[in-house]
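The two complexes that follow have subunit A in common; it is paired with subunit B in the first and with subunit C in the second.
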Partner chain A sequence: MREGVQRRGAFGRLVRNPLGAASLLVLALLVLAVALAPLLASQGPQAASLAHAFDGPSGGHPLGMDSAGRDVLSRILYGGRTTLGGAVVSVAIALVLGVPAGLYAGYRAGRFDAAASWTADLVMALPAMVVLLASRAILGSNVWVLMVVLGFLVAPSFFRLVRGIVADVRGEPYVDAARVSGLSDLRIVARHVLIVVRGPVIIQVALVAGLAIGLQAGLEFLGVGSGSTATWGAMLNEAFQNIQRSPVLLLWPGLALGVTTGALVLLATALRDALEDRAGTPPRRRRADALVPADVSRDDRAELLSIRGLAVAYARPDGTEAEVVHGVDLDVRPGEIVGLVGESGSGKTQTAFSVLGILPDGGHVTRGSVIVAGQEVAGLPERRHRRLRGTTVAYVPQEPMSNLDPAFTIGSQLVEPMRHVMGLSRKDAAARALDLLRMVEIPEPEQVLRRFPHQISGGMAQRVLIAGAMSCDPALLIADEPTTALDVRVQADVLDLLRRLQAERGLGVLLVTHNLGVVADLCDRVAVMNGGRIVETGPTDRVLRDPQDPYTRRLLDAVLDDAPPRAPWRPVEARSETA
Partner chain B sequence: MSTTASPTGPLLSLRDVHVSFPGRRRRARTEVLKGIDLDVRPAETLGLVGESGSGKTTIGRAILGLVPVASGTITFDGERIDTATAARRRALSRDLQVIFQDPYTSLNPSLTVGDTLAEPLVAQGGDARATRARIAALLDRVHLPADAAHRLPREFSGGQRQRVAIARALALRPRLVVCDEPVSALDLTTQRTILDLLLEIQEETAVAYLFVSHDLSVVRCMSHRVAVIHRGRIVETGESAQVTEHPEHPYTRTLLLSAPVADVAEQRRRRAARAAAAGDF
Partner chain C sequence: MLRLVARRLAGGAVLLLVISLLSYLLLSIPDNDVGRQLLGQGADQAAVDAKNAALGLDRPALVQYADWLSHAVRGDLGTSWFTSEDVTQTIANRLPVTVSLMLGVTLVTAVLSFLLGVWAGVRRGAVDRFVQVLGVAGYALPGFLVTLVLVLVFAVKLGWFPAIGYTPFDESPGGWLSTITLPVASLSVASIAGVSQQVRGAVIDVLRQDYVRTLRARGLSMPRIVLKHVLRNASAPALVLLGLQFVGLLGGAVLVEQIFGLPGIGSMTVTYTARGDIPVIMALVMLTVLGVVLINLVTDVLIGWLNPKARL
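For the complex of A and B:
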């Protein structure tokens, strides 16, 4: 049941995982042994001879005899049939109930979803053991009936899992595209939804099977099982009653249970890794990476920000490194706005992040020098870099909304850092927050301080972040696509604000952007990046008017500002006549 | 000239279309579209410009039947489609198609490009052999190598994925494609090549586009006519040159002046004009 539905690639990964291979092997051996019980056991599970009660291991009975003189090996093997079979029944019923209901509820939402979710919550709230005991009193002590009831009880776990995933997938544009392609809902579910649900369901099957086996054994151990039938739980019960006389009888069913549930849980873990195709995490770099110093004199360098020969590399999972920035030189003078322009993957953000010391995991500066206000920051320990970020350098990110914590008010997000970094009292910090919001031209700042991020617009959120960046009175502002997520009218306002701050405070700005219009609007100088290198630097007007590098020229050619408007439409027939 | 099907008459018409979304927790419904009138003629591109939240994307989704229309009518080729049944909707997919903004989420990551392209063909009952031939033709049409069919979306760049999405939209030879910000997620240089591809395809197949974008410069060079949408209402419609060079509505004017251009002197002039016009809208 488990292996059949997987992709070959995932199965290959599962088998290559030692944990997966071992647990699969154990389970396969167990199933095989149980299936071949008549061949392996010397007698039936119920064949008893009181004369041999509590006999130790002997030729035909390698595990000895129990209190009624029955062969322990035989009972383990035949009992496994009931135990494993019961688990299969429970899981099958849970799958049949939970998965289709979850698919339907997640995909269609509405009333069915509400009713099914309510039912699922109710069932999950019931204590399984109590329900099983009650159902035994009503339905009789048949182990199979109990496992059917258990199937109903665990069905909500599949329902909830599937419903949650489907509800997420339903909103994906590719599902919309499939609908527009003319696919029926059934087909969309089969093609686009099942594939996503499959992995988590397979993992859940392994976990639920282990749970079912454990619960069943627990019931039997309490003596609530099907009396005469051999199961591992019943054997435990029987052994427990004779624990003084022959403690070893506890060992065999206990071992069988432990190995089976253990193997199932480990298999679930291995399945998760295999199905989610987890790449190994890149090795953490050592702190003391020797930095290759750039061989440059200090006299031609800007006093605010000066980058020479900067290279940034990322560790690959196999231990090698991929260099993404290959030797960048860049200067920002006090009071100057410098644009760093490039397309995705050009390395512009990596360069900015290196200055800030916030490269993502695995990324690090491999060589070069970055001097911020007289201090070398390449290779600076995180603690000292953090101090620099709070005081000399400030950062304005691209996505204003995702950079505000939805759980806190605007006020607390401005006030707390000031109290922490600048040591202001709560009152002083609050007053300063108000001043900052006024400075970034936010109307009704007192009210905005009390609002939560979802209650303000994107443009307002970006102003709040700029206010936060200004709170420590920085000398250098690094803005990473600060207006990309904003509408043009809001963008124009934010650009005006940045221009004003720069003029009033003599702020130096490194503006990372892909938008040449923003560069023309704001920047004194511009550096164009392509493939991890700066291909051209110069005064904005000169670079935009008379680009020297072929890449800059290509970039400018792609700008549509000067493209003529499209000619008016003419009927199709008229076109072919004149063409 | 034939007189039966008028070649100059609209292919798609929206009349007084209202769309509203249910409010959260017993709040009133929010009206997203407040009476939209639009026409798209055969082989025409109508540009639809607006800011986020203006309702521009909702118009496209209403046409495609992805959101219900509260009142008003949508007519395609003389047939009313806003009330179409699910079965009729599926048949309409032959004529009405879509290209979404984000080429990363609009392709199912676990299906090969070939499977994605086969989807509309198989749904309309194409046989395996014809489907394979059509996929090869489509890949060629959007300038992707033939072996792309056997690869997964993650092996392609954003621009290449958008080509796949275009090929999927073209698979059934539609007469109208809703292009919902088709180049907004792409790099500048890639954007240009995708726009050229769309123009090339229109030239060849006489498909009509409803071209939805926030970028006036893109809309201007792509569209015969431009409609400007603001808070659920169309505030201005006209020939591309008319709307983008001599806008009449103050909102259009602000929109135009707000978009920065890559020319320092010209941008300085616009900034001054925008400051002078401040308070106008």
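For the complex of A and C:
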């Protein structure tokens, strides 16, 4: 019964959340008070004595009397019956219509889905208040009838919710597996699909109930639907008529209405948190964290990039820190290509981002020294660090497509940094952008400048990014897996380009990669990283031919080039592990 | 882009046609005996029949609809059965009130939501918490309750604005501003609550995008990146919601116009829909659907302009 445990878990989280517990309590008290109205109120909602109109609170009438001398408490309690009952009617109708239709449309798709979705969009596009008022001309002014109409009007919100979730789930492997194993559609929906839908539907129920109560009160405020019965909306209207004489009469029905809808929405929020078991967001990094400088002499350090004892940590939600890079030493000299290799999660990219000063939120350098072209950048304020970016150290990212802003043309994205970082005029920057595209061997550069990122290929996008990185004449290029996302032929072209730039411009390159083939092909030296530490560093030939560290050896063994061919596959009798 | 607009307009025309037919037939179902209502219980049956015939109500509903439609497409929406007013003229008189209300709300919502949402998304901290609380509160409280509180505080207690009434703009711009401020403010609260949260979420999403990091790596400053790249990319989802809010405003305007006694379309909806005054109700339904179609069209065009991938 894993599922039961999970559900209790979600409910437990809900009541432990103060917001969730409070709103549940408020709603429970409300239902109780409304149900016990005859016991709690000293007189009926319609009993009036004009002599007591506008009387303040007294023993038998704790909330005082209204403009017609009726007991306010009694009217609130009896009015709550209509309010809550109406909400139940609307939600029930919406559930009955929306959920099965959503399940069917999402699971079966096809023509029913198209027709139902069209209808749902249409209904959702209409303002509910106007439709309710117009429908009164056809159906008459009865609050229960109007709440049924409202049920029809909000059914699409359940339909869309359920349909969307089911359509997502339908393609999941476990549903396919259930289908292949011969379960009927009905059983699949009951067993696998309803479970996924349950949580979001419960949340939506709370939201729709709040919406229904608000709309119902709005209608009653307009004098629609309630006739002479006591309702919160009608009480608000009567109080509003007497707003100059006794504004306090607005308080109680307003409070009842606000607390009820508020409790429902807060309950929905708490439910969402409980079902998703959301962790808090990580705290913002405190400014001016004490940075422990590395105690190193400057003699043995490379003049372009020199990292000593670099440690990077991320703030956890509970306030502690998780260190992901534990003291890295690395050097890049002008005109040198250095490979930084390791598995994903080894800290390569974190090291690269530290040099650029673009660690994600919550990440920061805790120890060590990073010198870029003679300037210490560990602990450097953002403004001064920014001046180095583009002009001294530049960055070529891994995934070409996601690194270009989809909303701007290639030309505008190339020109913008040149104008603001180098201070070029629009004309000069445009001419230079053209030269840059020629340099990275893009055919028809004039046309490419006018295109948007989605109109060019991945290989071309990577060339554009390299052109962008080179646009402000950097001395050091940090390339983070620049070929991983490209197909093999384009990979070779991009590597050739990097080699040429390095040779022509005396560029220093830090090449972050997990591909030892790329390292062998391109790098002068290589540093191997594992678990946030450099385990081995040296000239590429030496490290690849004669690895000293066991991890480097394992990494090399994992390369398939020299691996012996696999033995032919021989079927082994399958053993089922579980029933 | 032109093709998109043309397609949308054609779709909108079909929608108007379908909804007008459905509404007319539905509205014809109850046997209201308009002639009897107009002439009173004491009138003799012959006079009632003559009145119904004069209004064309003795014909089948489909024929009545065809007659209504043939006039409606020429801009003649008929006359009210109960007040004999010219419907087109009544709407033309009342529309400016509602339109100025809605445009005011949209303008206020757009400006404040983007300010709050971008600030909350970029700087987080106290403004972020404020936007989130506002988001829940705006959703949790029925709009007209907020309106009543604003009236109580700013009109009754402080007396800064009139609680009721409307001054046309061409009569006195200052008077217009003071009568429209509270209605706009009370409708804006919920819109700002929704849209600013959407902007905040979209800004946070965009800030996590790879291209923002790459732009930073090129040496651009964060304020520049936020104002140009983040804002542009975060605008599309916010605009979608703003469009939806605008449709919701058509409903909210009903209550707000009633509370403030504004002579707009909303208060007209309340007074005229109680009786089966088909010419007026039909006009109001058509106006609403037309409003929805136009809002969706404007939203689509704006999104196409913002997002090159959506340009078709």
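Going forward, the second predicted complex is superposed on the first by the 435 of 579 C-alpha atoms of A that agree within 3 Å, B and C clash if a C-alpha of one lies under 4 Å from a C-alpha of the other, contacts with A are read in each partner's own complex, and residues count from 1 in each chain.
Keep this in mind: contacts are C-beta pairs under 8 Å (C-beta built on N, C-alpha and C of every residue); 3 or more make two chains touch, one makes a residue touch a chain.
Since we're looking at a predicted model, the values are computed, not measured.
In the overlay built on the shared chain, the residue A:Leu186 is in contact with neither subunit B nor subunit C. Contacts of A:Leu39 after superposition: neither subunit B nor subunit C is touched. Of the two partner chains placed around the shared chain by superposition, subunit B is the only one that A:Gln491 touches, whereas subunit C remains out of contact. Of the two partner chains placed by superposition, only subunit C is touched by A:Leu122; subunit B is not. Annotation for subunit A, partner touching more residues between subunit B and subunit C: C. In the superposition on chain A, A:Arg554 makes contact with subunit B only, while subunit C stays out of contact range.
Residues common to the contacts of subunit A with subunit B and with subunit C across the two structures: none.
By the touch criterion stated above, subunit A contacts subunit C in their complex at residues 122, 125-130, 133-134, 136-138, 140-141, 207, 210, 213-215, 217-218, 221-222, 224, 236, 240, 243-244, 247, 250, 254, 257-258, 261-262, 264-266, 269, 284, 356, 358, 360, 382-383, 386-391, 394-395, 397, 399, 402-408, 416-417, 420-421, 452, 454, 465, 468-469, 471-472.
Those residues of subunit C whose C-beta lies close enough to touch subunit A in the complex are 15, 23, 26-27, 29-30, 124-125, 136-137, 139-145, 148-149, 151-152, 156-157, 163, 208-211, 213-222, 224, 228-229, 232-233, 247-252, 254-255, 258-259, 269-270, 273-277, 281, 284-285, 288-289, 292, 296, 306-309. Within the complex formed with subunit A, the residues of subunit B that make contact are 1, 7-8, 41-45, 51-52, 64-66, 86, 89-94, 96-98, 100-102, 105-108, 110-111, 119-120, 123-124, 158, 165, 168, 171-172, 187-192, 206, 214, 216-218, 220-225, 239-241, 244-245, 254-255, 257-267, 271, 274.
Subunit A contributes residues 172-174, 176-184, 187, 191-192, 195-196, 343-344, 458, 487-489, 491-492, 495-496, 514-521, 540-541, 544-545, 554-561, 563-569, 571-573 to its touches with subunit B in the complex.
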